[in-house]
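By written order: A, B and C. Residues from 1 in each chain.
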Amino acid sequence: MVAPLLSVSALTLGVRRRGRPDTVIVEDLSIDIAPGERFGVVGESGSGKSLTLRAVAGLLPAGVEVLSGGITYDGKDLLGLPAAARRRLMGPEIAMIFQEPMTALNPVVRVGDQIAEGPRRHLGLSKGDAAQLAVEMMARTGIPDPARRARAYPHELSGGLRQRIMIAMAVSCGPRLLLCDEPTTALDVTVQHQVLKVLEALCADGGTALAFVTHDLAVVNQTCTDMAVMYAGHIVESGSVRDVLGDPRHPYTKGLLDSAPDFDQPDRRLVPIPGFPPNLAARPSGCPFAPRCSFAVDACTAAVPARELVAPGHTAACRESDRIFEGALA
Amino acid sequence: MLHRLRFIPGRLVQSVPVAFGVTLIVFFLAHLLPGNAALALLGERATEQSVAALTAQLGLDQPLWKQYLIFLQQLAQGNLGTSLTYQTPVTQLVLQAIPVTLSLLLYALVLALLISIPLAALAAFRPGGARDLGVRGFTLVGQGLPQFWVGIMLILLLGVSLRAFPVGGYGDDAAGHLYYLFLPALTLAIAMSPTIIRSLRSSMISVLGAEYVGTAKAKGAYGVQLFRGHVLRNAAIPTVSIVGVNLGYLVGGSLVIERVFALPGLGSLMINSIFTRDFPTIQGVTLFVALFVVVVGILTDVVYTALDPRVDLSRTARA
Amino acid sequence: MSAPTAVLAARRQTRRAARSRSLRPWYRSGTLVAGLVIVGLLVLVAVLAPVIAPFDPVKQDLLNALQPPSGTHLLGTDKYGRDVLSRLIWGARVDLRVGFLAVLIPFVVGTVVGGVAGYAGGWLDTVLMRVVDVFFAFPFYVMVIVLVFVFGSGELSIYLAIAAVSWVSYAKIVRGEVLVAKEQDYVVAARLGGMSHARILVRHIGPNVLSQAIIYGMSDIVMDIMAIVTLGYLGLGIAPPTAEWGSMINDGQEFITTQWQQATVPGLVVVLTSLGLSWLGDGVSDLLSPERRK
């Protein structure tokens, strides 16, 4: 077993309030990502998946803190590192891509300079060398005429090009872990496909591990090898993409699959999951999905179910998993 | 960027009606009171000769429209009339006074930025914190200070008590100018700062919350580097607009400050002319200052365009 | 939606907007209370000047000129032997009165012009805004000084001068507000319901727009007090020997080395006045439009 590159253990994120109980957003979350692995995190808006990524990057929004748990990168305890040391990792070791490239790129700086910023700071390249590197990176992400495009400003480029700029920026220092926060959500489907291909190629070339957060199952299916499903701040199922999507063992995952359109079965009825995700401040005790679960029993609301192995390399946090899915052995 | 500057000719054209309006108003200054304009303007100075002289100079015996045309014609030739007090062309007096006023304004602007940017940054980094409240307190009090009084207080504290700076006059050479202009420039800078700080602080707060700052942090940017490279330029953009709008008020303030510190600039020229009832000079300085403000407005748009590559003023319709 | 329903919806929206404005009790706002207290005190001092001022502000007493602060003359005497404290107290009358009165004409004229320009739109708007642009090119103090010269000395010419220059700010603000307001759904609905332009202006657009003008007006009062004090300092304000803070500072500047309180104290009083008025203005601003709080 190769040592994981990134290891999140029992991470709990939330907002500390004076005199009142903490508002927990992500609870007891554990993920391991091996070097070069492409790991997808799927969930609805508000499930906490973006926050988890930001916690790894050290970019939690104001007010949100790590309440407990740990994050280890390459054996180093990220949370215990002094701020300066952690900043040195951002770029050459860990890089991040954001959802909306229009707002994630500085509107008054040329894109070439933005890509060059990381290498200049972390690799000590001169201005000229960094600029050249930027153009190379742009070429590798498939941007046509990169030398001219490098002098453009973000608003002069299309969405797909901007996202490629973000990717070029992120891989410019050769990181070993790439955090992607819904990088294709704001793009057209055709552009989405191209951008994903670029990401995959770059990661394969550089042996870069991917932590890919999205709400789109199809994207995870295409791009990732392993995945986790999040609901209301908890991981409810995890395993290889083939296992989780092909043989789901948690009612929520099944619900997601049932409610998503499938080109192979155009006449299949879409079954939405009834209800809404819980209000974070007023969480139900027990399994977070219980209120919306058609298979819930009394025991489900008593305590949060632990993640249990339902098959080799495949975990699900559901007490009733065996009962619900016993007939579903593919 | 150069192609985005093509709005300038259009703007200049747009400014023409405004410039005409300015000349119209300045022209009509002489005629605001009923009765004989020359008599009214000369006040106690009025004698038969002086009334006749002023009437001749301003062409007051001609029909109004004709007077205006003569006025414009002389303006086009750079002729702003002749000072009643000094018997020299007003244009010459104005040109002599301009360097003083201009130096004061530029000096004040530099000092104002040196004061405002750090204070705004201090406040914006942690809104609601102690430093923020301190800065906001400063701006609140700062807005209530009469500019000339601040000048006098600075004279008292730095000129009289500490004898660190001279209390009046202009100095003889470049270094002397810098020395003599320091207190007046500082006074103006203190007057300018609250507006700049308020605007900068607000835009810095919104920039600091922007996604691209997150991206920069994800690249490891931090502190002054983050600030200079990403925050400042973006935050400056709305502030430039606001400063531009306030510039007119500031120019007026500088005129008063010149009086406090006995600086031989446009302000002193203007105020002395008021006391000596030297109307042509009054008119000349007013006209010049107003047109200067119009030009500064266009310059502000240029700076704004230079800072923000998204802006293309040649495309937007004038609101 | 049928026309009567639309009009009802419009009325309901205006009423709801009005109610949300008065949600927070006014006495809860610290700035408002502080402002009220300071301004109230100043107004009180001004009103009671004849009663509380220990000396006659204009009576000269050359034998006692330039006395330092003492038991009888708490702030000393000026170069004519007049009691500085009494002049300070009587000065409040002049400066406060002029400051408050000077906003009236610009407020009315500017609001009307801006309202008409914004609502009518088209060429009328363009022309009026060009006029506003022209006025904006003149620096405030330059214009006020020149106009005071032209109109002659005296209080009336100060009002006229300030009015001639300040009305443009109101026009610009009101026009901006009207432009936004007239596109609002409830105004469109009222038009569809057959309401006349005048009625719409007064009942629907008016209240929201006026509140912005009032908020600006409060800061304008501060600016006008600054203006009259500055004019006084330059010797262009209310003629001597009337006590006025600006001219007091001017008188005092001569003796900055020996009797520095003569120039300093009136300035401090001006600062206090503008602070109080600013707080009052902020408080009123919060009251009238809490959703716009910076």
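Going forward, a residue touches a chain if its C-beta (ideal position, glycine included) is under 8 Å from a C-beta of that chain, and two chains touch if they have at least 3 such contacts.
In this text the structure is predicted, and so the values were computed from the model without any measurement.
Asks: Centre to centre, using CA atoms, which chain is the farthest one from subunit B?
Replies: Most distant chain from subunit B: A.
Asks: Any idea which chain sits dead centre by C-alpha averages?
Replies: B
Asks: Would you mind checking which pair of chains has the most C-beta pairs in contact?
Replies: Top-ranked chain pair by contacting C-beta pairs: B-C.
Asks: If you average the CA atoms of subunit B and of subunit C, how many Å lie between those two points?
Replies: 22
Asks: Averaged over CA atoms, how far is the centre of subunit A from the centre of subunit C? Could you give it in whole Å?
Replies: About 56 Å, centre to centre.
Asks: Hey, how far is the Cα centre of subunit A from the one of subunit B, in Å?
Replies: Roughly 53 Å separates the two chain centres.
Asks: Applying the document's contact rule, which stretches of subunit B touch subunit A when the two form their complex?
Replies: For this pair, the touching residues of subunit B are 210-212, 214-222, 225, 229-230, 233-234, 237, 307-310.
Asks: Going by the contact rule at the top, pick out the subunit A residues touching subunit B in the complex.
Replies: Touch residues, subunit A against subunit B: 57-59, 83, 87-91, 95-96, 98, 100, 103-109, 117-118, 121-122, 153, 155, 166, 169.
Asks: Spell out the residues on subunit B that touch subunit C in their complex, using ranges where they run on.
Replies: Subunit B reaches subunit C through residues 17-18, 21-22, 24-25, 29-30, 32-33, 40-41, 140-141, 143-149, 152-153, 155-156, 160, 202, 248-253, 255-256, 259-260, 270-271, 274-275, 277, 282, 285-286, 289-291, 293-294, 297.
Asks: Would you pull the subunit C residues touching subunit B in the complex into a rising list?
Replies: 130-131, 133-143, 145-147, 149-152, 222, 226, 229-230, 233-236, 246, 249, 253, 256-257, 260, 263-264, 267, 270-271, 273-275, 278, 294
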